[in-house]
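Order of writing sets the labels: A, B, C, D, E and F. Residues in every chain begin at 1.
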Amino acid sequence: MIRGFCIGRFQPYHNGHDKIIRTISNEVDELVIGIGSAQKSHSVKDPFTAGERIEMIRKSLEDIDLLYYIIPLQDLEFNSLWVSHVRSLSPKFQVVYSNNPLVIQLFKEAGADVRSTPLHDRKRLSGTEIRKLMVEGDTKGWKKLVPSAVADVIEEINGIERIKAVASTDNKYSL
Amino acid sequence: MIRGFCIGRFQPYHNGHDKIIRTISNEVDELVIGIGSAQKSHSVKDPFTAGERIEMIRKSLEDIDLLYYIIPLQDLEFNSLWVSHVRSLSPKFQVVYSNNPLVIQLFKEAGADVRSTPLHDRKRLSGTEIRKLMVEGDTKGWKKLVPSAVADVIEEINGIERIKAVASTDNKYSL
Amino acid sequence: MIRGFCIGRFQPYHNGHDKIIRTISNEVDELVIGIGSAQKSHSVKDPFTAGERIEMIRKSLEDIDLLYYIIPLQDLEFNSLWVSHVRSLSPKFQVVYSNNPLVIQLFKEAGADVRSTPLHDRKRLSGTEIRKLMVEGDTKGWKKLVPSAVADVIEEINGIERIKAVASTDNKYSL
Amino acid sequence: MIRGFCIGRFQPYHNGHDKIIRTISNEVDELVIGIGSAQKSHSVKDPFTAGERIEMIRKSLEDIDLLYYIIPLQDLEFNSLWVSHVRSLSPKFQVVYSNNPLVIQLFKEAGADVRSTPLHDRKRLSGTEIRKLMVEGDTKGWKKLVPSAVADVIEEINGIERIKAVASTDNKYSL
Amino acid sequence: MIRGFCIGRFQPYHNGHDKIIRTISNEVDELVIGIGSAQKSHSVKDPFTAGERIEMIRKSLEDIDLLYYIIPLQDLEFNSLWVSHVRSLSPKFQVVYSNNPLVIQLFKEAGADVRSTPLHDRKRLSGTEIRKLMVEGDTKGWKKLVPSAVADVIEEINGIERIKAVASTDNKYSL
Amino acid sequence: MIRGFCIGRFQPYHNGHDKIIRTISNEVDELVIGIGSAQKSHSVKDPFTAGERIEMIRKSLEDIDLLYYIIPLQDLEFNSLWVSHVRSLSPKFQVVYSNNPLVIQLFKEAGADVRSTPLHDRKRLSGTEIRKLMVEGDTKGWKKLVPSAVADVIEEINGIERIKAVASTDNKYSL
């Protein structure tokens, strides 16, 4: 039995994430999906709460034939504790999938088996780009880049209204 | 669609928890299961990590016909923030199931619909009792009180050795 | 100009606190009133939030001829930082009023002028005793021991219902 | 009875803040004034401690006919807990006054009645501008922009010397 | 080259600690000495600051022929992160010396080589007993149980006055 | 007896630090060396753990005729508590050596005797410059700027591989 681990901020969960996870699912028996910066929400860079992101992933993967775990992970600001933190909150895993240099380095120093993740259509499938389309009000644009279950969750929580509101820059004259 | 929420420390997940969750599953479409004191482990009262407890639950519920979410929840030591903390890390839920007076009070003050959970064979089905059997080495005793998947996880992680070790009280003369 | 400092948990603010503060008000020009354990609420020992306690004090002292400041102070669990913490959140004060040995010792080591506070009818005027009367439902009993403004605040927030709820001990069989 | 809430960093409390609060005072019976980033001090952006800022406000409002509360609020770095944090440390309020998009969004999601604050002479009445004048040594300049009580507090704590010191950029060669 | 690790609270550093460290010094080339509960001070159980305890140890070991490191370690309240925390703040070590069951278990799960420490005259050489003698004012008694350098440090910081003050239990009637 | 205090991040400990400390050693009997940002590691700006930095300093100063203490200091993000934090974790010191404006200001407000440190060949002897050479792979370059003991520690921990890895910017397409 091989259990893998991968991590993302999933702001929001998009087609790129979805393809990566479905690809990994062919290599492992079980997968732990870490939600990074779980404490963050209500900013342009991190608009959605961990709970909302968990729901996006769960609903998008309803059809997948894989036992997986979703684990919210708060930022620690203490890099040398990070691997232990992940391991404490996760079922034990044997393989780490990541392209993030810091994640790779930390897990390698801890003796883990680290593999790179496949990349897909990287220009358009980026969270930054998707959030930009959301702020600009290009509904058709961003909806094409995420699973339909994600669009449903965002609509249900009024997510577009939220990201537009916090993107507003006229906060100079408040108290 | 009704989504419920319940919470436990699950040290370990036992037949009592299992019955309660299966009962609740008849009343809701989806269920959020919070893992309390997620940061605790390696003590007699809290021997298992959140990751280990997540695996226990996931494996025990493999056959259940219910979409559920497992959310590790660290202690906040700030009661009046607790409901917001739970809500931030969970998909939105409509009903709270709890018999814990503090949980009930906090959710009621936050306007939630709170219902009590059914109780089963309470004397034997308590975490305290099960951990006592573990420390005493009564393997046959504690194994009868937990789902077989839980016994498997505990064996795999050498959980009994761990709880016995930390239960040892001869720590007076260390540095 | 002499500014004093005193601290209490004020769970709730009662006639004993009130007498002490009115006595101190004769010795100082201004007074800083620290609210200890500000992060705590919803327990038998600490039923009320800092905000509720601030309102109790403010309303009880509406008639006093004294410029005073109310400062919520969260527990630090780091005694040697505590005096700096208080001083950072308070306007500068010259005299500390306290009968608490730890508070006295910490401020003395920091070079402060520490004076003891007068004591009044100590048996009945204790927070512990008042909270016990609240849990037991002796309304007439506890109301005599607090300023009427405090009774009003407690009623408005359903405080008695809250303390009774969290005092309930039948929490053994929840998840 | 209507109690309002407003928040600012008040670095320092200036004539713009003062006008806004006096305007709000006509609309409410009581007002909670939150001191944001209460843990910060001794930087160019946040030179004054929460205690010093509390004193500035209290002294500037000595003549106002309004019952108000001043509450220091430390940054949480967890936006979805922020409203609960404020509510826990404040007496209950019915109306929020803010022009800050994040504050507005968080309180709106929590169901609060949020109103915008009036703006006055926004170019000159900004904390950034006032701190710039302080660092440049333009005493006459900044004193015109703050209540005289604020200038007194700053003088008493040697505030100008402090902001000039921490604004010094020759810190390259220290250890 | 073999570097060892040991840990204690050292409240205060006494002859028992001293003998253990001198015994270990025969087995290793270098030694890391962790100061546990480094954030605690000013209580009967933990009267001395980490800085004071560091000085006690450094002065007591001035004559030892061993390269050693003293590392203050704050409590984490997150057992599964503790080994990483220690390792991040310490030079890399190969052997752990401990009789504490939790320390032993945590390091064993992390794959460390753990050895037990020798014990000496355990009844009298306990921190609890020494602090009791201090509170009771038995100067001759406690001084016999600690290195003379420790007695000097305690005198210099007025440590006996401090522990007696915080041991005072008449704190019932303060605010 | 005069004990001094100085602080640095020591990322890594280099010849400039070494010269300063050897110069100070002529003015004091004992010296406390604080390791700033002790919780940070595994980034380009802060590649080394506190434990690694402690070892660098200890090994570089093996020949010095001075009793010194090395104290790891985590960032507090609460400037007005910082001096108390340092004092709690350090043996008592009488003189502070620093060229950092914030450190100087905080200690001056706390009444300390603050002196500036001598500066040496400041252009080349900067941590920023040394880390740049490390990332660029200029081994000969950076080795000339640090004590040989530091180069040994960095080699032993594969420090160059680490800083190069985390300096890699191709982290756009990970999950």
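One rule holds in what follows: a contact is a pair of C-beta atoms (placed from the backbone, for glycine too) under 8 Å apart; a residue touches a chain by one contact, two chains touch by 3 or more.
A quick note: this is a predicted structure, and the numbers were derived from the prediction, not measured.
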Query raised in the report: In how few steps can one go from chain E to chain F if every step must land on a touching chain?
Result: 1
**Report entry** Chains in simultaneous contact with chain A and chain B
**Finding:** D, E
Requested in this report: Report same or different for the chain C and chain E interface, where same means the shared residue numbers exceed half of all residue numbers found there.
Outcome: different
Query raised in the report: What rotation angle superposes the Cα atoms of chain A onto chain F, in degrees to the nearest 5?
Result: 120
Requested in this report: Please report how many Å separate the Cα centroid of chain B from that of chain E, as a whole number.
Outcome: 36
Query raised in the report: Taking each chain's centre as the mean of its CA atoms, how far is chain C from chain D in angstrom?
Result: 26
Query raised in the report: Counting in whole Å, what is the centre-to-centre distance of chain B and chain F, each centre being its mean C-alpha position?
Result: 45
Query raised in the report: Can you list the chain C residues in contact with two or more other chains?
Result: 39, 41, 49, 78, 80, 87-88
Query raised in the report: Which two-chain combinations touch?
Result: A-B, A-D, A-E, A-F, B-C, B-D, B-E, C-D, C-E, C-F, D-F, E-F
Report task. Write out the stretch or stretches of chain C touching chain B in their complex. Result -> 39-43, 49, 162, 165-175
Report summary line: The answer for chain E against chain A in the complex is residues 78, 80-81, 83-85, 87-88
**Report entry** chain B - residues contacting chain C, complex
**Finding:** 6-8, 10, 16-17, 20, 77-80, 97-106, 109, 117, 119, 122, 126
Query raised in the report: Tell me, which parts of chain E touch chain F in their complex?
Result: 38-39, 41, 49-52, 54-55, 58, 62, 67, 69-72, 87-92, 157
